[in-house]
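Got some structures for you, see below.
After this come two complexes, each holding chain A, first together with chain B and then together with chain C.
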Partner chain A sequence: MKYIDEFRDGATAQRVAAQVREEARTDRRYDLMEFCGGHTHAIYRYGVQDLLPENVRMIHGPGCPVCVLPIGRLDMALALAHHDGVTLCTYGDMLRVPGSQGKSLLKARSEGADVRMVYSCADALKLAQTLPQRQVVFFAVGFETTTPPTAVAILSARAKELGNFTVLCNHVLTPSAIANILDSPEVRELGTVPIDGFLGPAHVSVIIGSQPYEFFAEEYQKPVVISGFEPLDVMQSILMLIRQLNGGRAEVENQYTRAVSRHGNLKAKQLVAEVFELRREFEWRGLGTVPYSALRIKDDFCGFDAEQRFALDYAPTKERNGCECGAILRGVMQPTDCRLFGTVCTPETPMGSCMVSSEGACAAHYVYGRYQDRAASA
Partner chain B sequence: MTQSRARARREFGRPLDFKRGVVELAHGSGGRAMAQLIEELFARAFSNPWLKQGNDQACIDLPAGRVAVSTDSYVISPLFFPGGDIGSLAVHGTVNDVAMSGARPLHLSVGFIIEAGFPLADMKRIVESMAHAARADSVSLVTGDTKIVERGKGDGVFINTTGIGIVADGLELSGDRARPGDRILVSGSIGDHGIAVMSQRSELDFATSIQSDSAGLHELVQAMVAEVPQIRCLRDPTRGGLATTLNEIARQSGVGMLIEEKAIPVEPEVQAVCELLGLDPLYVANEGKLVAVSPPEHAARLCAAMRRHPLGGNAAVIGEVEADPHHFVRMRTAFGGNRVVDWLSGDQLPRIC
Partner chain C sequence: MCLAIPARVCRLLDDARAVIEIDGVQQEISLELVEDVEVGDYVIVHVGYALGRLEPAEAEKTLQMLRQMGSLAPSSGAA
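Showing the complex of A and B:
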C-alpha cells in the first residue's frame, strides 16, 4: 500500500539496522525511552527490537492514554453509564479496562447500559443531535492529539445550543509526564534507571510542535528525537539518538518532518486554549499525582462539562497489591519483573495499567513478545 | 392467477404479502398461519423430496463412510452485506464446517428464530438466498423449525443450521495431527468478509468495493483430498480470523508455528481499511477461506492443486509447524523482526492513537 509500505520495508530496515550496529559503540549502553504507546506498539508489532544490537534497549514509557487513566476516573464513567437516560461514548480501547469493581464499560453495556464506541468526538456530537431525548456524554481520554477535536466538539455544541451533550474530560499533557519521569528519584538522583534519550511523540508533536521538548534537552541534558509511528521511523530515530549520544549532544531533533514543525498546529493550540484550562493536579495511573498535567473544561463552557452537570466526584482507588506498573512506566522494571505478569495479570484479566491497552508495555510484551521470554528461559 | 396462489386463497384466505407484510407471532403458533408461512415460503424455496413428505423428521439413506456432523448459529448484524447475507452465510458456514473434515456435505437442517415485525420481504430474500446457496453447495435443507419471538426479544432473525456429510474411507483429518516440519497453507486473501460486513455498519461511515468471500468450500476440499489424502487438517478461519485458527490448531496438536508475514495474502483494500480502523487483518473474519496443514513433502503439490480451483486461486504456503512446548504461533514480520500472533482477547478494538 502506497505511503505505508515504504515505511515498513524490510530491506531498508536491514540497511538502517546495519548502520545502527556500525555506529553504536560496543563499550557503552544506550537506554532509550519511547514515550508513546504508539511507538511501543510499533516496536513489538514489527519486531523492531530484534533488529537492534544487544546494548540498545528500549524502555517503554507512559504515553498510552488508556493506561495512565486512573481507575477512579473510569469509575466516574461507569457510574455515568448506568445513569438513566445517559448514552456514554468513548474510544475503542477504553471499553475493556476494568474499574475498581472489576467491571468494564463493555460489561456495563452487556448489563444494559448504553455504551457506544466512537472513532471521534464528532461522532458523539452527531449522536447527541440524533438522540435529543438522551444525555450523550463523551468520555474524553488522550494526550494533546485528541484534545483539539474535543475542543471543536464543545465549541460546536455551544454554537448549536445542544443541551444534551457533555464531555467527561480526562485530557492529559505529555511534557508534564516526561518532566515527572526525569524528576523521579530513580532517574535523577539514584541513577538506577539510566535514560539516555527520548523518542518523542509523533501525533502529539504534530499539535504541540517540537519546541516544548527543548527544555528537557537543555535542562536535563537528554537528547530527544521526535519520531513517526511507522517502524522505519522508529529505527531511524534510534539511529539519530545514537548519533547525538556519540557526539555528546543533547538536542531536539525532528525525524517526523513530514508532519511536525517547531511550533505545531497553532490553530489547534488556540482552540484548546479557548475551551480548556490547566488542572492544578491530576492523578496518573502508575505515576501518581502530577501537578499541572491535565486539562479541565473552562467555566465558560460548564454546561458541557459532565463533571458539573452530573455532579460527579473523583475518588482515588488503590492499585492491586504486587502491581509494578509504576516502576515499569518509569523504566525501573521490565514487564517480566512483575510477579503478576502473565500469571494473574493478562490481557483478558488486566490488573494494572500497562496491561489494559495493547499500547501498554505489559500488554504489548504479552501479546507480541512472549516468545523472547521462552528463549531467555530455555 | 397462478395455480399456487389460487390454492393459497382456497386454504389460507389470502396469500402472504411479501411486499408489505411482516412476520407475526401467529406465524410461529403452530396454527394455520404457520402452515402458510412454511408452505408459501420455506417449502417452496427449499423444495426437495424430504420436505415434500411433510413429516416432523427427514429419513435419509446415507452412502458408506463416516458421518461428519456440525452445527452453527448465525447471529449477525447487518443481515445483508456486500457478497452475501445471513441466509447464504448460514448455508456456506455449516457446509464448510462439515467439509473441513474432508467430508462431502449432503444435508442441512435449519432453525429460524424470527422477531415479530420482521418484514416478510426480507425474510423471503433471506430464504431464497439460502436456497440458492444450498443448490450451489449441492446440499438439501431437509428439515426445519421456525419460532417467532416478541418484538424486542430478538434482532431481526437468528438462524441455526446443522449439516451432515460423509467422510470417505482413508481420510483422517483432525486439528490434533499437525507435526513439526508440516507446512501451513491458506486458500486465499484474508479478512475480506469481516471488512465487507464492517463497511455496512451504520457507525462506520466508509465505502469500499470489498465483497464478502462467503462461499462453500467443499469442492475445493474434495480437489485437495483427491490430490493429497495425507492432509493433516483443514479449518476455516471464521470468527477471530487466521490468527485464532492457527492458535487453535497449535494448541490442539501441542505444537508451535512460525509464519511469514510476507507470504500471507491480504487484498490492498482490506489492508487499507484495517490501517484506517486500527485493526489487524490476521484477526478479521473469513467465510470462504481455509487453512490446511500438510506434510512437507506434499505441500507444493497441494498448493498447486488449490490454485487450480477458483476458490483457491491465491493459495499460498505461509509457514511451518515447529516443536514448541509453549504452543506459540510466531510471525516473522515483513520488517524483519519476530512477534507472537496471540489469541484474540475479546473483540478487536481500535487504539486511540
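Showing the complex of A and C:
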C-alpha cells in the first residue's frame, strides 16, 4: 500500500540502523520511552529493538487506551450493559477486558446483555436511529484520535434530535499523561525508570499538532520527536532523539511531516472544544489519578451523556491479584516480570488489560517477544 | 486501536462522506473533520473518519532522507 510499504523497506531499515550505530555514543545510555501502544506494537512486530545498539533501550509507555482504562470505568459499562433496554456499543478490544468480577463485556453478552462491537462511533449512531425503542450507549475510549469522531457523533445526534443515543465518555489526553510520568517518583526521585526522551504518537498530533509538547520539552528538558508508526518512521525518530541528546538539546521535533503540523487539525480541535471540557481529574490504570487528563461532555450536551442519563457513579477498584499492569504501564516492570505472564495470562485468557489489546505491552511481548527471549537464553 | 492508516480518496459522496481505497478494498468514511478534500488526495483514516490530509511531497522528502542514510555524514539528517 502506498505510504505504508515504502516505510517498511528492510534494506533502508538496515541503513538507518547503521546510522544509529554510528551516531550513538558508546559512553552513555539512551533510555527512550515510546508513549503509544501503536509504537510498542511496531517495535515488537518489526524487531526494531534488535536493530538498535545495546545502549539504546525502548521503554514501553502507557499509551494504549484499552490498557489505561481503570477497571472501575469498565464496571460502569458492564453495569449499563445489564440495564433493561440498553444496547451498549464499543470498539473491539474493549470487549475482552475483564472487569472487577473477572467478567468481560463479551461474557455479559453471552449472558444476554445487548453488547455490540462497532468499527466507528458513526455505526453506534446509526444503530440508535434504527432501534428507536432501545437506549443505545456508545462506550467511548481513546486518545485524541478517537475524540473528534465522538464529538461529531454527539453533534449529529443533537442535530437529529436523537433521544436514545448517549456516550459513556472515557477520552483521555496524551500530553498530561506524559507529564504525569515525568513527575512520577520513579522518574524524578528514585531514578528507577530513567527516561532521556520521548517518541510522541504521530496520529495524535495529526489532531493536536506538535505544539502541546513544547511546554514540557522545555520544562522537563526532555526531547520529544513526533513519530510515525511504520518501522522506518520509528527508526528515524530514534535517530533524531539520539542527535538531540548528543547535542544537549531538548526540543520538539516532527518526523511525521507528511501529516503533522505545529497546530494540528483546527477544525477537529474546534469540534472537540464545542462538545467536551476537561475533567478535573481522571483515574488511569497504572498512573493513578491524574489531574486534567481526560474529557467530559459539557453540560450543554448533558442529554447525550450516559453518566448523567443513567446516574452512573465511578467506584475505584483494586487491580486483580497478581496482575502487574500498573507497573508495566509506568515502565517500572517488563511483561516477563509478571508471574502470570504466559502461564495464567495469555491473549486467549487475558487477566489484565495489557494482554488484551494488541497494542498492550504484554500482548506484544507474548506474540512477538517470547521467541527473542528464548533465543537469548538458549 | 489508535492506529490510523493513509488511504486514497476515490469518490466524494453527499453529506461530507467519501469512498476510499485501502489495499484494493473500498470503504466509506466521513470527511467531517477535514476541509477541501478532493478525489486523489490521501487522508489519514481512523475509526471511519479522515483525521487529516497526507502531503505526498513531505512523504517523498522523508523517504529521500531515509534512503540517503548510512552514506552521508552524521549532520545530514532529519530536522
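Heads up, the rule we're going with is that the second predicted complex is superposed on the first by the 374 of 378 C-alpha atoms of A that agree within 3 Å, B and C clash if a C-alpha of one lies under 4 Å from a C-alpha of the other, contacts with A are read in each partner's own complex, and residues count from 1 in each chain.
One rule holds for everything that comes next: contacts are C-beta pairs under 8 Å (C-beta built on N, C-alpha and C of every residue); 3 or more make two chains touch, one makes a residue touch a chain.
Every value quoted in this text rests on a predicted model; they were computed, and no experiment measured them.
S.K.: Would you sort A:E22 into first (chain B), second (chain C), both or neither based on which partner it touches?
M.R.: In the superposed model, A:E22 contacts chain C only, not chain B.
S.K.: After superposition on the shared chain, which partner residues are touched by A:G288: those of chain B (first), chain C (second), both, or neither?
M.R.: A:G288: touches no partner chain.
S.K.: If you stack the two complexes on chain A, which partner ends up touching A:P185: first (chain B), second (chain C), both, or neither?
M.R.: After superposition on chain A, A:P185 lies in contact with neither partner.
S.K.: Based on the superposed arrangement, let me know which partner A:G369 touches: chain B (first), chain C (second), both, or neither?
M.R.: In the superposition, A:G369 contacts chain B only.
S.K.: Examine A:T145 and indicate which partner it touches, taking first as chain B and second as chain C; both and neither are also allowed.
M.R.: Both chain B and chain C are touched by A:T145.
S.K.: Residues of chain A that sit at the chain B interface in one complex and at the chain C interface in the other, please.
M.R.: 1, 4, 14, 36-38, 41, 64-66, 91-93, 119, 123, 141-143, 145-146, 203, 229, 232, 357, 359
S.K.: Note which residues of chain A are touching chain C in the complex, please.
M.R.: Per the touch definition, chain A meets chain C at residues 1-4, 6-7, 12, 14-16, 18-19, 22-23, 36-38, 41, 63-66, 91-93, 119-123, 141-143, 145-146, 148-149, 152, 201, 203-204, 206-207, 229, 232-233, 236, 239-240, 243, 253, 255, 257-259, 264-265, 267-268, 271, 357, 359.
S.K.: Could you pull out which chain B residues touch chain A in their complex?
M.R.: Against chain A, the touching part of chain B is residues 203-204, 262, 268, 271-272, 275, 277-278, 324, 326, 328, 330, 332-340, 342, 345-346, 349-353.
S.K.: Provide the residue numbers of chain A that touch chain B in the complex, in ascending order.
M.R.: Chain A residues touching chain B: 1, 4, 8-10, 13-14, 17, 36-38, 41, 44-51, 64-66, 91-96, 106, 116-119, 123, 141-143, 145-146, 203, 229, 231-232, 346-348, 357-359, 366-371, 374.
S.K.: Give every residue of chain C touching chain A within the complex, in rising order.
M.R.: 1-6, 8, 22-23, 30, 32-35, 42, 44, 46-49, 51-56, 58-59, 61-63, 65-67, 69-71, 74, 77-79
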